[in-house]
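Each of the two complexes below includes chain A, the first together with chain B, the second together with chain C.
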Partner chain A sequence: MDILSWDGTLSSGGRILIIGEHNSQEEHDEISCPQKEETSCSEKEELIDIATLVQSNCSKVPYYDLHIIYSASYRVPVLFFRAYYSDGEPLGFNAIEKDLPAHSAKALLDSKWTFITQEEHPYLNRPWFKLHPCGTSEWMKLLFHVDVSVAKNGVTIELYLLSWLSVVGQVVGLRIPLEMLNQP
Partner chain B sequence: MAADSPSSVRKVVVHLRATGDAPILKQAKFKIPGTDKFAKVIDFLCRQLHRETLFVYVNSAFSPNPDELVIDLYNNFGFDGKLVVNYACSMAWG
Partner chain C sequence: MMEARKYVWEGAIPLQIHLHESEVTTLPPPLPALILAPRIGYLPLLVPHIKPHFSSTLPPGIDTVWFDYKGLPLKWYIPTGILFDLLCAEPERPWNLTVHFRGYPGNILIPCEGEDSVKWSFINSLKEAAYIINGNCKSVMNMSQPDQVELWRSVINAGNLEAYIRVSSKLKLGTVGDEYAADLYSSSLNSRQSIGDTDSTGQVKTGKCFTLLDAVKSLLPEYFPYKSLNNEESSREEDKDEEKVPSENLSEHVESCYSSDDAEVKLVRIQGIEPKLEIPFSWVVNNLVNPEHFLHLCVCLKLPQVKIPSDT
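== the complex of A and B ==
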């Protein structure tokens, strides 16, 4: 395979549908919602347990579902995601925007709606958000241009997906463990 | 191997490589404490090139999360005593 003439897309050997879940609570250092029982002040009523003041946020831990779906028209994987609180209430776009890592928020400012759009999930037929795919082949090309082993051996689908996910995962705050790349 | 410094913090040599249509930096090699996050490298690049966003990746077709420690990246992707970090301006989404 001639890497220089590769267009950065994935040939349609089959569709990919991977379901992953990402609880963004780990990213939220500000949530001091206590998981333990507040029994420390049960004896003396004068004591004020300030940890309970933020209790109203307890149910407001956002959960994210991430799906990877192959786009036949762009011939690249596309990240679909949705966010909802533990009580099932979905997060609107504005709430998600506040939840995203800072650099994603910056990209959103520049190119809202060409970056993240709301669309019907092709299999679940519900409104999900998706990362726009049309730039994907360009930066996938860049990623693999510098990898010397690719010119000799080509790109496996697993490697392609891992590389792709390392980029799109950053948008939603997903971090690929470096150990994954060391596996044969 | 990473350069040793008198203090307990090991420094990593980072070599910044322009790819695609990105401008080449006058000074492309730097030493950065291994305990720093990759975000520092990204921010430095953005400031030097006067850009809000850049596409930043390492040699194994991987774009590191900004929260990764530089020393971890060096240990996984470093070669010949340095960590090569590629950057491009054309980071279009859609």
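== the complex of A and C ==
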């Protein structure tokens, strides 16, 4: 596939390889990922990856649930998340905004490409927060254009999700360990 | 063609709205409010008309309005007509709803802050439609402020179709022409590409027209277990000369999620009409589409009878 004509989306029919690695305590963030798993996208596609982010250095500890769900309309993955305290009390949007890492998250939130809306989770049918997908294909295209070697050899689907997550994850303070990107 | 569309646009549902008993603080309790709700409108937009009816009896506090039908909290971002078609298999006239001004079920319903929330949800749906049709949301995002206001006004003012068409035509979301081969965008069951009717170079193929039944079958194949012999098997168009025209968007609301072993489609309701399934799908789309450019199909299923084993 010619990278220059790629529209930045992930069409169904491709295969996605999720390479998981249990990440040990780095900077107090723990990401538990699924183990090596092959998921093929079929027509009624949805890809759900559940990761829980726990920040251990606050007195009232907020828990975040993150789901990655494929959007058939926008043909990109979409990040859904919700936050709640250990007693179950949900965090409103204002509380979440205060909780996020100030620097990069604020920039992303202010950018025209990423903004947060509250919507019904497509499968759980409850209100969750969602990172609006309409800009995703644009910045995914940019992301892959920058790397000249990628432009020559074509994009590999395996990297799509990781690259995508490396950008959106910052909005919720999720850091992807470099080791994950070096997996063969 | 405008005639049919105008007729649909101006459709309304008579509602009888009861205040929830927990919020009645006066005797005798207030009578229910009677109001005609536009099909293409949304329930929260009716609140300014309903509230005066009940305001003298409400308990003190801040209003957080929500509606329920027989105890089911209603999703406010779904157009009224669709809620009615979905939830009332046997149409109830007037439709009896309960309104609440307190105790918003925030764990079930996403928050609604009045008209702004509804408008935002509407624009978002329109963006999604634009994205599916054009591959980007630019036409919607680049709408001028006056255009946006006029578009929204045309929707909520009980259907000012002329104004709507004037503004929405700038969005280049197109109309659908007749499809003479089943050209389905196989990567997504929810979108479809069709040949534009502006094309005069004989792109019309011989064969059967793409009907509403064809569309329902392609969206819900599990309820049509026996493959038919006709145009469903047609090959996908790969002809590069073909103009790729906007696809229309379908949103199907299925009333139940039972396994499809013996379930069959009992009826298909669109804008309160049960169209004959043989009619051209292009007509359905061009006339029955909602203002946010989605076509909502309400499908009622007939379920198999469950045999209850008897004790021996």
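Here is the rule we use: the second predicted complex is superposed on the first by the 123 of 184 C-alpha atoms of A that agree within 3 Å, B and C clash if a C-alpha of one lies under 4 Å from a C-alpha of the other, contacts with A are read in each partner's own complex, and residues count from 1 in each chain.
Operating definition for what follows: contacts are C-beta pairs under 8 Å (C-beta built on N, C-alpha and C of every residue); 3 or more make two chains touch, one makes a residue touch a chain.
Owing to the predicted nature of the structure, the values given are computational and were not obtained by experimental measurement.
When the two complexes are overlaid on their common chain A, residue A:A72 makes contact with chain C while staying clear of chain B.
By the touch criterion defined above, A:F144 reaches chain B but does not reach chain C. In the superposition on chain A, no contact is made by A:L161 with either chain B or chain C. Legend: residue contacts after superposition of the two complexes on their common chain; A:A95 is shown touching neither chain B nor chain C.
Of the two partner chains placed by the overlay, neither chain B nor chain C lies in contact with A:V61.
Once the two complexes are laid over each other on the shared chain, residue contacts for A:G169 go to chain B alone; chain C is not touched. More residues of chain A lie in touch with B than with the remaining chain of the pair chain B and chain C. By the touch criterion defined above, A:C134 reaches both chain B and chain C.
Contacts of chain A with chain B, set against its contacts with chain C after fitting on chain A, overlap at residues 117, 132, 134. Those residues of chain A that touch chain C in the complex are listed here as 7, 11-13, 43-44, 72-75, 90, 117-120, 126-127, 132, 134. Residue ranges on chain C touching chain A, taken from their complex, read 75, 106-111, 124, 127-128, 131-132, 135, 137, 186-191, 249.
Interface of chain A with chain B (complex): residues 101, 103, 106-107, 110-111, 114-115, 117, 131-135, 138-139, 142-148, 150, 159, 162-163, 166-167, 169-170, 175-176, 178, 181-182.
Chain contact summary for the complex, chain B toward chain A: residues 17, 19-20, 42, 52-53, 55, 57, 59-68, 72-73, 76, 86, 88, 90-94.
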